[in-house]
Amino acid sequence: MYSFRNDYSEGAHPRILELLNKYNLEANIGYGEDIHSDRARKYIKKLIGKDNVDIHFIPGGTQTNMLVISSFLRPHQCVIAADTGHINVHETGAIEATGHKVVAMHCKDGKLTPEIIQRALDRHTDEHMVQPKMVYISNSTELGTVYSKHELSAINDKCKENGLLLFLDGARLGSALTCKTNDLDIKDIANLVDVFYIGGTKNGALLGEALVIIREDLKEDFRYLTKQRGAMAAKGFILGIQFEALFLDDLYFELARHANEMAERLASIIDEAGYKFYAEPCTNQVFAIFPDVLLEKMGKEFIYEFTDKVDENNTAVRFVTSWATKIEAVEALREFLNKNR
Amino acid sequence: MYSFRNDYSEGAHPRILELLNKYNLEANIGYGEDIHSDRARKYIKKLIGKDNVDIHFIPGGTQTNMLVISSFLRPHQCVIAADTGHINVHETGAIEATGHKVVAMHCKDGKLTPEIIQRALDRHTDEHMVQPKMVYISNSTELGTVYSKHELSAINDKCKENGLLLFLDGARLGSALTCKTNDLDIKDIANLVDVFYIGGTKNGALLGEALVIIREDLKEDFRYLTKQRGAMAAKGFILGIQFEALFLDDLYFELARHANEMAERLASIIDEAGYKFYAEPCTNQVFAIFPDVLLEKMGKEFIYEFTDKVDENNTAVRFVTSWATKIEAVEALREFLNKNR
Amino acid sequence: MYSFRNDYSEGAHPRILELLNKYNLEANIGYGEDIHSDRARKYIKKLIGKDNVDIHFIPGGTQTNMLVISSFLRPHQCVIAADTGHINVHETGAIEATGHKVVAMHCKDGKLTPEIIQRALDRHTDEHMVQPKMVYISNSTELGTVYSKHELSAINDKCKENGLLLFLDGARLGSALTCKTNDLDIKDIANLVDVFYIGGTKNGALLGEALVIIREDLKEDFRYLTKQRGAMAAKGFILGIQFEALFLDDLYFELARHANEMAERLASIIDEAGYKFYAEPCTNQVFAIFPDVLLEKMGKEFIYEFTDKVDENNTAVRFVTSWATKIEAVEALREFLNKNR
Amino acid sequence: MYSFRNDYSEGAHPRILELLNKYNLEANIGYGEDIHSDRARKYIKKLIGKDNVDIHFIPGGTQTNMLVISSFLRPHQCVIAADTGHINVHETGAIEATGHKVVAMHCKDGKLTPEIIQRALDRHTDEHMVQPKMVYISNSTELGTVYSKHELSAINDKCKENGLLLFLDGARLGSALTCKTNDLDIKDIANLVDVFYIGGTKNGALLGEALVIIREDLKEDFRYLTKQRGAMAAKGFILGIQFEALFLDDLYFELARHANEMAERLASIIDEAGYKFYAEPCTNQVFAIFPDVLLEKMGKEFIYEFTDKVDENNTAVRFVTSWATKIEAVEALREFLNKNR
């Protein structure tokens, strides 16, 4: 059985575990005020080319999303998101539980555009409706697509013009920034959004997301808000050490590149076998459409997730690769598809 | 510099790290549905002598408290707690952020009693006031004290009579159940409360609390609620493996016993040196009162926390021991006190 | 200038004011426990043919919606509504502010159907998504349409099969139950939903909605919840007296019939003049489509609201009639349209 | 039976009802944007001597409190209040339901002081605790006492020094400002607090509180927040007309003076009869201590509320007078006490 279920099935990359072992018996200050967290912050600041940012290490992604959105909006304000956005669909209403409406807009390929954002603004005209104040995007998106520099700049412009905060969910930022079609680097991200995070959980860490707050006026009291939402780890250094390992050298992007290479190879195999894609493959999530009769067999040898029923006889499924994906698993699919023409 | 700052300054006990390393490359199902979490659940069920309980592994303590309280109360209901209770003081209003009032009652030694609970009930008489529905206690308490079997039974009786849920915060349950004055075992806990947790973070794990839901009618949909509060770890198996390590054999209590032994020794040293305690020492938190002039020197060699100014010249401070505390650190205090008579 | 802006532009129907004057100096118990509220409850219970219901008088509609939804759902549960539903669009996120997602479904004519409800259920399959637990409908809807007995029964069946609560917003229930195409009576409503309200504000009262809780298990502690949301009027008898006036005899329906007659006449005038409707007219809200050039003139003599831009040259607008609408106002529109052919 | 239960037992003062009748059939704009609300705003601005304030008419007191507090605090911030404060005790956790902790401080006579506020600040030292950001006081207080100009200035100074907002609940402001010991006028109030309200419900209106926002930076988007909390009345002009009536001339204070005169007379009667007070009488709430044997008889002729059991044989009870209290009711108590020496 080969698993392409997701990119958080294994523990941590060995170089991360190594560092956790190395510092295990050190007595560290709690709550993210330790030297490892500081070192990781220093590395990340250098990488993004900005020194005057605040960086907080948060245990999980849903937590980070709810923390960011609830901290920066006033009660009557809402966040605009793609209808496929993680916060709209897959967080059991975590955002609404903090009191805010998610205004979900229909999107192609999981990506918001200035036009779609404008449509959301046009619908919200007075005090009887929620007030749009933030735009939430993810890169890569839930459909594995990425924003180009041109696209992200245009969204940033639209936000600036309309006093909207721009928040980028980077749970899979590594894969986005190392994929073939990408033309953004992490410095661009830091220049074009107000707040974003660099996902660790889905790129080799045991857990953890590095939240980067760019805008000065969003920084105040953020540690209070983190604590209140249960997002301040007592042993914050556990997160710090992991991001230290990821950004000490190029490990973070190295892992992402591996995941992307495995996904590319997987996509060519599927393409060569004559199957279509549900979304253009590009990062470590490959959405392909297979006949149901084929899937019946495939399900006995491979683990993947159901995405959508596209017609009576065909179904879209998702294959995810990661730092831990082995080439044998990918090649096994080639063999399977060859055998089952 | 010897640190008695807290019991979450180091990483994980080596036997836990060992297991994390061992299973690191296994492909596991996410969100706590993996075999390690199941194994840990099995061990804990056996230990508490109950099979029909639900066990969820939650990353942090504040998270667990807010999750439990917000899940089991209706909007108009409140939780009764000691005024020193963690939820009242040290969680930045996490409970209130979920909509519920904490009715804080003045207590001696951090412990609620049936009389104090009754006083809270007497004050809440009609629909213009919040409705008491849950009692929150911690064992050991924030002052390091523990409940006796008799005391816990009496609270349980009072709750039953008044339709109150009883929730025990066991962030330091290991230390409570292995201290000298304790007469409760974990089976008693499971029989006398409706929901409780077994703290991992403060007893040797990287992070994690094992939440045990006893009452049948509290179990429904708890995974939805966990996800909504950002408390469902993607790599839930990381928590599962750690609790597997802790409860595979006696490790959990072994670690707690060590912490208690260190604390006992520390307390005798302080006692022998002629200093008084702020609260009767008994578990791994020792609250002692020292002259300010002495503390000025002590602070240069030992790390501890400020607790209270007791009079013009004397201050109560907290020393915490843990599984990682070394006897040399404790003995260093003896030497220091001898030198500074 | 003739106003068709809405049905809450005037004070109260004179027979209501009369009763408020009559009882003005009586000393009444506060918070809805007075004899007038009790009398109004008695009248309503008789009218709906059910004695074992709980009736609460709530000052406003948004308040009633948020109170009902937040009281009957657990934190992870959501309410299904038409995308045009008042709670989705026009309450500034009041529902989300209590922590619950509104799952908005695209609907024709503002009406949910069993099929649409099923579609919402199909999309919410596990604990990573909110759990549908309530269906919110309004009668008449925000587009002035009404549910037939057959349609409401089918929705009720769908809800029963799926453990969903059915909540009917009756802000304009009077108009719905007295319109020509209606085949429901208020006893049917009480039999086919779990909770509903009878709108006073939009049918002749100064303010007030009569909330009727049918299901036994929804009744508990509702006064606590009402108080908590700021929805328990100190002088509750002010609401009680008004509903006493409305249901002492047939006044409530008399007022609604008048509004409907005015709307019908308005609709024929528009129809005869050759204009189309944006939604089939039937209750006291008439949505008609006019050329923009005509509206430019019309706006100088009549007050109405913008609804939608239907194409480059035409716009849908809303005319609302009420108990206070005079026939002269309606006839003035005939004259205007005749003059402006 | 003579009722001293509270000051909201009757409808509205006849001059208010008169105006409601007079304007009843006018077609007004909804949601507080009508000419009557504007006129009332103009009168109030003149009275308080400030033109650049925002005034909103809110249906109820609990609503106003929760709206103000939840609008002006960020999620991690708390409000400091007297332990007897209405928001702490008698609003069923309405403040906490919006996510904020009420830090309740023990006070004498229901009044906060700079020292008590400082004590609350001293207890909240870092991000593990809620952050004090607002002080809530009421004038008159829940014990019928009032703040002097000196006291209010000192609180204002303390707030300014510590970046705290000062919010004054004026549900009974009329009675406070017209009582004998008072040395504040309403202009002082407007100069010494950031936001306050002028209570209508307890001083002659059917319902309604006039909320005055002084500080510029608190004004933004307040109508959104009002709508979201269900506090924006559709027929806002109903509130506007009432405040127009109250402030067209001196009616508001006239009614309050009457209530105070009745209370003064009541207090002298009790004093002359030799009974003690639970709190120094001064406004329209008189808290007196009577023997239980006497209360047994008194309860058959007079309605009042239980306050506190002061010792085994004596109980404190509350008598409230209002604009509607008749001198005969007061004199009846004299007679009763004479008869029952």
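For reference, chains read A, B, C and D in written order, and residue numbers begin at 1 within each chain.
Here is the rule we go by: a residue touches a chain if its C-beta (ideal position, glycine included) is under 8 Å from a C-beta of that chain, and two chains touch if they have at least 3 such contacts.
Which protein is which chain? UniProt says A, B, C, D = Aminotransferase class V-fold PLP-dependent enzyme.
Keep in mind it's a predicted model, so treat the numbers as computed, not measured.
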{"item": "Partner chains shared by subunit C and subunit D (touch criterion as defined above)", "value": "A, B"}
{"item": "Farthest-lying chain, centroid of Cα atoms versus that of subunit B", "value": "C"}
{"item": "Inter-centroid spacing, subunit B versus subunit A (mean Cα positions, whole Å)", "value": "34"}
{"item": "Distance from subunit C to subunit B - Cα centre to Cα centre, in angstrom", "value": "50"}
{"item": "Distance between chain centroids, defined by C-alpha means - subunit B, subunit D (Å)", "value": "42"}
{"item": "Subunit A: positions in contact with at least two other chains", "value": "75-76, 91-93, 97-99, 127-128, 130-131, 224-225, 227-228"}
{"item": "In the complex with subunit D, residue positions of subunit B that touch it", "value": "75-76, 78, 89-93, 96-102, 127-131"}
{"item": "Complex contact set, residues of subunit D against subunit A", "value": "70-71, 74-76, 98-99, 127-128, 130-131, 221, 223-228, 232"}
{"item": "Subunit A - residues contacting subunit B, complex", "value": "3, 5-6, 8-12, 14, 17, 20-21, 23-30, 59-63, 66-67, 91-94, 97, 201-202, 206-207, 224-225, 227-235, 237-238, 324"}
